[in-house]
Amino acid sequence: MVWQWLHRWGSPRWFYEKTGPWVAWLGLIALVLLVWGLVWSLGYAPIEHKQGQSYRIIFIHVPAAFMGQGVYLLMAFCGAVGLIWRVKVCFMMTKAAAPYGAALTFLALVTGAIWGKPTWGTWWEWDARITFMLILLFLYIGIIALQAALPSRDTADKACALLALIGSVNIPLIKNSVEWWYTLHQPATIKIIGKSAMHESMLYPLLLMIFAFWILTAFALLLTTRVEILRREFRTRWVQDLLAAEREEGKS
Amino acid sequence: MTPPHLELRNLSCTRDERCLFAGLNARWEAGDLVQLLGPNGCGKSSLMRILSGVSREFEGEILWRGRKLQEQTWEFAQDLLYIGHQPGIKKSLTPLENLRWYASLSGSASDSQLIEALAQLGMAAYRDIPCGQLSAGQLRRVALARLYLSRAPLWILDEPFTAIDKPGVARLEARIEQQIQSGGLVLITSHQDLSLAGVKTLRLEDFRPGAGGLL
Amino acid sequence: MSQASTPGLMRGFAASFRRDLLIGLRHKGELINPLMFFIIAVSLIPLGVGPESQLLARLAPGVLWVMALLACLLSLDGLFRSDYEDGTLEQMLIQPQPLYLMVLSKVLVHWLLTGLPLTLLAPLLGLMLALPAQAYGTLCLSLFLGTATMSLIGAMGAALTVSLRRGGLLLSLIVMPLYIPVLIFGASAVSYALDTNPQSVPLAILGALLALSLALSPVATAAALRMSTNA
């Protein structure tokens, strides 16, 4: 049963045709949630007494960091499925996800730095979270660079899937070692998010923003994967028919 | 043990959205000499790499002695001698050291047997000279010395006569003939004409889908 | 005229090990390169930060570790390249012996010819950086474990990039994030030794990382080699 399901969804054409109506809906929902979340968190959430207005950047920083890690794990998962069951769509999704995940991680780094300035007085601080985000960015860049460097597309797909898997196995190791390293050199410092200190009036907008980013990620990944499908299957009959139909519509 | 025979069922290979060949069906028995024909770039080397197990990028089935390749990698590896486009000889080592490595992997052979194999190709005198100092033809002859050491029934040879002179080609053809007579199976590609009798051919272009066609 | 016996795993591993060692020793000039890099790079540090021995001693664990890491990285590019170029890699894929063993033999030889000499050279460089006496033992032990792990991890990157003409830089980019846990625990082991704290925790973790790499990395490396050969 799972086998059939996998094979059906793994066919690029099926995937493209079935996800067509979803894209518009996802985009709309993402937009609504983002606007709602931003307004709530930036406008209405209470001021944190220690850090003032500037702390609001965490409403972008935390979701971006979350999704940055999440997208990497998704890439690794897709890579594994693609390698084991030879599903093409998985490789296309991995290729599409890498730049998007890198952008999210970069956003997390930048917002982390912006948050750091009024809080610690410096534009960059080597604390555990930010250091880990930087390393994650390097992992992403490695995958993007490998994808670009290998000339044969099949080999590039598989090599990047393997690299994403290797990276994902390393992520818990890296995360724990960075945290250990941080406590080694700076035993008692401010944490970015004191989990217990989060008041619920701050927690809810944060959760909303996380959810909004999640839907946004789904939307972006679906969109870029569909473009990748069109690009790769350009010479097949169904894509040619599709393009011809669009051209007809454009004329009339 | 079932006699050696190779069967291909509905074999196809697609690389980078380009279909090299599809619907390839064939069956070859012990004592067959098969030559793959076709212009450059039509997938001959790809097919050889698939049949020898180097590449696993194919759809369809390959059966050796009636069993799928995936189910018998250990046995198939012992039954196979593959010499590809590149000789597979390390330039930092001497011919003898190179052959020693191959011999240890597939069983064992004494040094005298290795030297005898080199002698068959006229390379015995060079056995202790680092291969980096040998010419391309000499390197290939060292690689082909494996033909005289192997007990494998299946030989897959990709352009084996490259850079070999006429008398050398004649000697090698005699060795291949010997292998055929003793019940082996040889697949070969060659730009030169083979002067052996009973060569079965496979034209790879016959299995190519229409040029530039829509899949 | 032909062989008598059937192939064996141990004999195959021993033959590959002997062959790789022989090849490595035939290129003695190349063996010196990572060591020279190590020496010169470490010598640059006092020239960059000043000769004050207290400062150098504080920096020494990290500097020695980072430079050893870079020296390892530099020597990795050629791990599979010559085999890829002369067709030997293809042959390794179809031998009866599993590719795992051949990869292991290659990495072992690489470590013996690169990582181990770096480890043995490190105390000399520690002297140049005014490293206090109590840290030398831990320095060697941590580098012993760490360079072996780095050879294993680096082999994966080397296998992924072997089909690229100038894969060296990309190799470094891919492998460096994966080296970070090893670096952190290795350098902190030596720092602990400086303050005469017990170093058992970071050393034990280094050992665990080595064990994990020993189990998993040759598998990934073999898979990557197969992909690269069919590029």
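Going by the order they are written in, the chains are A, B and C; count residues from 1 in each one.
Heads up, the rule we're going with is that contacts are C-beta pairs under 8 Å (C-beta built on N, C-alpha and C of every residue); 3 or more make two chains touch, one makes a residue touch a chain.
All figures in this text were calculated on a predicted structure; none of them were measured in a lab.
Asker: Any idea which chain sits dead centre by C-alpha averages?
Answerer: Centroid comparison flags C as closest.
Asker: More contacting C-beta pairs: A-B or B-C?
Answerer: Pair with the higher count of C-beta contacts: B-C.
Asker: What's the farthest chain from chain C if centres are computed as the mean of the Cα atoms?
Answerer: B
Asker: Indicate the whole-number Å distance between the mean C-alpha point of chain A and the mean C-alpha point of chain C.
Answerer: Distance between chain centres: 33 Å.
Asker: Which integer distance in Å separates the CA centroid of chain B from that of chain C?
Answerer: Centre separation, chain B to chain C: 36 Å.
Asker: When the C-alpha atoms of chain A and chain B are each averaged to a single point, how far apart are the two points in Å?
Answerer: That pair's centroid distance is 47 Å.
Asker: Can you pull out the residues of chain A that are in contact with at least two other chains?
Answerer: Where chain A meets two or more other chains at a single residue, that happens at 152.
Asker: Can you tell me which residues of chain C touch two or more of the remaining chains?
Answerer: 230
Asker: Spell out, as numbers or ranges, the residues of chain B touching 2 or more other chains.
Answerer: 57
Asker: Note which residues of chain B are touching chain A in the complex, please.
Answerer: So the residues of chain B touching chain A come out as 15-17, 57, 214-215.
Asker: Touching residues of chain C toward chain A in the complex: what are they?
Answerer: Touch list, chain C to chain A: 156, 160-161, 163-164, 167, 170, 173-174, 176-178, 180-181, 184-185, 188, 209, 216, 220, 223-224, 227-228, 230-231.
Asker: Could you list, by residue number, the parts of chain A that touch chain B in their complex?
Answerer: Residues in contact with chain B: 152-154, 232-233, 235-237, 240.
Asker: State the interface residues of chain C toward chain B in the complex, per the touch definition above.
Answerer: 1-7, 11-12, 14-16, 18-19, 22-23, 26-27, 82-83, 85-88, 90-91, 93-97, 226, 229-230
Asker: Report the residues of chain A in contact with chain C in the complex, numbered from low to high.
Answerer: Per the stated touch rule, the residues are 135, 138-139, 141-142, 145-146, 149-152, 155, 158-159, 162-163, 165-167, 169-170, 173-174, 176-178, 180-181, 184.
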